[in-house]
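Following this line, the structures themselves.
Next come two complexes built around subunit A: one with subunit B, the other with subunit C.
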Partner chain A sequence: MINITTNIEGKDHIIIVEGDVDASSSIHLDEALTELANDELVKNILVDGTQLNYISSAGLGVFMSYIDDFKSKNIKMVIYGLSEKVLNVFQILGLDQLMTIVSDKKEAKEKLHEVQS
Partner chain B sequence: MKFNLKVYCEKTRLRDIRVFITEKLKAYVHDDLEINQMVLAVDEICANLIIHSNYCNANETINLEVSVEKDGITFEISDEGEKFDISNYKEPSIQEVVQTKKKGGIGLMLVRRIMDKVEFINKEQKNTCILHKRFNHTQKE
Partner chain C sequence: MISEKGLLRLTILFAVLCWLSLVLADIFLLFAEINEANAGITKEIPQLLLSLYIIFVYFFFKIRIQKAESINFIDLLWHVFSTGLIVSLIQLAVSLFFYLLSDSKLMQNPLMVNFFYHVNLGAVIIFLVSTFIVWKRLILYQKNKRLLIIWQIFEYSILASLLYSFFQTSGQQWMFNGLLGIFILYGLVLSFNLKWIAYLNFKQKWRSILLLALVILYLYYFVNNLFGFSQEFNLIMDLLDNVYILSIAGFIFIYSLISILVILFNLPTSSVFEQKISEVLNFQRLSQSIQKGDSENQVYDVLLESSNNAVFSSSAWLEIYQDNEPVEILKSNISDLKITQVRKSIQDSGIYAYLNKHKSNKFKKDLNLNKLATNLNDPDYGSVLVMPLIIQDRQIGLLVLLKDVSDGFNKEMIDIISSFVNQACISIENFELLTEALKNERYKEELKIASRVQKSLLPHSLISDTEFEMHAFYESADEVGGDYYDFFKTAEHKTAVIIGDVSGKGTSASFNMSQMKGVFHSLVQFDLDSKTFFTKANHALSHCLEKTSFITAAYYIINSEEKSISFSRAGHCPGLYYNSQEKKADYFHNNGMGLGIVRNERFEEFIDINKIYYNSGDILFLYTDGIIEATNSEGEEFGYERLSNYLEENSEKKPKEIQDGLIKYLYKFIGSENLEDDYTALIIRFL
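Our next item is the complex of A and B:
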């Protein structure tokens, strides 16, 4: 019950995550992020969470495991479009303070440019 | 009111568990955020039991009982797999989890933040995890 699509828009790589990211499906999110992390051309990652219905610790753990990697490789990641209940799961452990989470794609793109300038 | 669900120890069953709890809780709890938090807590415990206590062995089962009481909701999740000893569990810091990149270890952290009571009982071959959440003002009359 997960579908992950990666698109390229200019210099931005967009991962669209649809469905539920739980202990059985988080591996697919992990694979998609690994692929981007290993691509030297990738500098900006936008995670489209508008169709993300559910996330458990397995999904949070995947995002957390790339924080240091992305930092050292100078890759910026912005998550956007989370529903209130999915955002709430990030907030329970304060992970919304460790990652950049914004409300929509426009704001996400602005955030990437702001970080770069 | 009590509800019961028995599932085989396969990770793909986690979704069935979430659907079951969401359906049952809708009649008693208004707040979708609160329902999702309880669903998440039970999902985390069941994922741990399926993966770590029963090694995803589909011949094994876990049993979930949901009891809706006056003051709140109690979830009893039992299995006969390897027991989990909470006295040996030391909660990592978020920084440790980020640095070790091990993609795990925060499930129980979430459960403890969400639930008002988290208990693990081992009796003979049976292990039971009891989670209790007190109702707040969002309870349906």
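Our next item is the complex of A and C:
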């Protein structure tokens, strides 16, 4: 159903989300994000959504709940690689206006760098 | 048909009549003999009357003794004993009479002697026949077909022997003896059917021996008495010449004797039989205790008590666990202090370690029962048997049985305790399952109520307006859902319509949905524009929604005076609008933000406000994402395009028909009628 892996590339933490994020599996996404939010060394988070097939409102709720949290901790988060369908879900809710969503990893890294500078 | 009671009375009547006629006939014959006159009746007449008397007595007891409802062996024997007692009393009275009048002339009168002999005869026949029937009942206890046939041959041929008396002549002594010999041998073979003895307990066995011995004593007395008469007096009718009477007397004697011997030999083992029977009964108690509505504790009590009795342990205790922690200890003849001491000894014996090993394995492997019994190094107890109570993979208790001798538990005992414990566990598991099922049933009921309450939160009737017609449809995947729609006429020509969806599903979603309804009905009164409505709604909801929850909604104000729709979108799926002039259905492209996502003043920046003017034939189609995200077996979503195409193709239909067709289309697409998400559609067609 869902598979979440966290990798570290230099200063960046990459969360790879694969599969479907629905009401029950969104808990795992929440756990992964909490871990990073509580780690003081984490400053940059990349969310790899290339393999994300579906996200339910509960899954969107998880991302939404970290927006303020990350802002206060000065953590930057960029989501990339979303399929058109999933991106549409983010856009309808309006989350694309609150979060940085880009098309690929390269752009995402640039975005992080740009925001940092 | 004559009732059983009537039959009994009838047989008594006939028996008495036969006996009286017999007495009369015999005395008449005797009188004729003495006076050397022709009596006018043949000798066969009294034989016939005697046979009839026997047959009526036989039928009487056959009906009467069969009537005994439950087979109680001691009662049956008691019946024989009491009949024998009455018969003996009659005989004693007759003897006393003879004794008192032995010198008088009266006693020399053969008529008088024969009369009293007939009294004895009648009484003895009653005893013999009734005892014969009781023996029949005992022999046929737990009968099979073969035994029944053998018995019936015996019974009917003995009855048939009554006929023999008619052809009897003195020269046929060898035939008489032969017939008697055959019957007695046959009776001897039948006498080894003694299954009833196994069901007697120790006390009942002793009583049976006593009663059977008395039967033999009676028999001796009666036969002796008959002999006495036969020797002393000239009898017109001698019972000792009757093969039937002698055969059943012999049979009764043989069966009594064999029964006494068998019971005597069974006495030493009777405690074992009693033990086995009590084990079976305890087993039944264990399995039935739950059905009777007893609590788990009663099962534990029965388990401890029956285990204790089954293996004759000196002390025992039963630990009851809850979540692997002992919560209660049921004790039998042991103190808390002693339990602590014995536990240490058990610890040394390694049984606990063995059990723990299995426990960490979640009891997947079968326990080696022989490893659960061991000798103890303890001053009071020589051996111990430890038996865990296991339901599936968890231990719910531990039974410890102690004996003062070493090697006190043999394999049979371990097996029976294991069976007891298993049965108790099954009972307790059933009890738990039943309780759980009841609880679930209650939750289901609660959910049904919640579902009813939630349905009642949605509007009951639709608004009728000269400007438009509308149709609403709602179906939730679970008992309660998170979809919401509502409308309100804010003025004569103004109608506010809202559709919403709460994040998540089920109960939590439905609670938030009811909050949304509260917010809608509070704010709609103020006739606000759609943007202000959402700003205020967001403000209110920011205080009540939990961190990860949000609500998406779309708000439409239909103004029939200026034929306009002004609307805003708060993160909800964009509305679908069919333009009848262009014959095209399109989604609105307005920006928005879900309620509860930005919980500060910045929210306002994300909300657009739009306005369009409608024409007759235009359709406003509002829906929730359940329609768009409905997925077929290949993982393909229904999507936006199918929906807009469908609306374009069905734009001429009435809202209800549009909805009916859509749900059919949707079900066909996903291949079943089971929705995974809530589904709401609100269709407004302008006139």
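The rule is simple: the second predicted complex is superposed on the first by the 117 of 117 C-alpha atoms of A that agree within 3 Å, B and C clash if a C-alpha of one lies under 4 Å from a C-alpha of the other, contacts with A are read in each partner's own complex, and residues count from 1 in each chain.
Operating definition for what follows: contacts are C-beta pairs under 8 Å (C-beta built on N, C-alpha and C of every residue); 3 or more make two chains touch, one makes a residue touch a chain.
Nothing here was measured: the structure is a model prediction, and the numbers come from that model.
Student: So if we stack both complexes on subunit A, do subunit B and subunit C clash, or do they fit?
Tutor: Superposition result for subunit B and subunit C: clash.
Student: Is A:L95 touching the first partner subunit B, the second partner subunit C, both, or neither of them?
Tutor: both
Student: Where does A:A23 make contact in the superposed view: on subunit B (first), on subunit C (second), on both, or on neither?
Tutor: Touch status of A:A23: both partners.
Student: Hey, is it subunit B or subunit C that touches more of subunit A?
Tutor: The partner making contact with more of subunit A's residues is B.
Student: Check the residue A:E84 against both partner chains and state whether it touches subunit B (first), subunit C (second), both, or neither.
Tutor: After superposition on chain A, A:E84 lies in contact with subunit B alone.
Student: Answer with first, second, both or neither: which of subunit B and subunit C does A:S65 touch in the superposed model?
Tutor: Touch partners of A:S65: subunit B and subunit C.
Student: Between subunit B and subunit C, whom does A:T34 touch in the aligned arrangement: first, second, both, or neither?
Tutor: Neither partner.
Student: Considering only touches as defined above, state whether A:S57 meets subunit B (first), subunit C (second), both or neither.
Tutor: It touches subunit B and subunit C both.
Student: Quick check for you: in the superposed arrangement, does A:T6 touch first (subunit B), second (subunit C), both or neither?
Tutor: Once the two structures are laid over each other on A, A:T6 reaches no partner at all.
Student: If both complexes are laid over each other on chain A, which piece of subunit C (526-534, 544-552 or 562-570) hits subunit B?
Tutor: So the stretch of subunit C that bumps into subunit B is 544-552.
Student: Can you list the residues of subunit A that meet both subunit B and subunit C?
Tutor: Dual-contact residues (subunit A): 23, 30, 54, 57-58, 60-62, 64-65, 67, 85, 92-95, 98.
Student: In their shared complex, at which residues does subunit C touch subunit A?
Tutor: So the residues of subunit C in touch with subunit A come to 501-506, 547-550, 552, 571-574, 591-594, 597-598, 606, 625, 629, 635, 637.
Student: Which residues of subunit B touch subunit A in the complex?
Tutor: Per the touch definition, subunit B meets subunit A at residues 11-12, 14-15, 18, 32-33, 36-37, 40, 43-44, 47, 50-51, 94, 97-99, 101-107, 109-110, 113-114.
Student: Quick check on the complex: what are the subunit A residues that touch subunit B?
Tutor: Of all residues in subunit A, those touching subunit B are 1, 20, 22-24, 26, 30, 54, 56-58, 60-62, 64-69, 84-85, 88-89, 92-95, 98.
Student: Residues of subunit A touching subunit C in their complex?
Tutor: 23, 30, 53-54, 57-58, 60-62, 64-65, 67, 85, 92-95, 97-98
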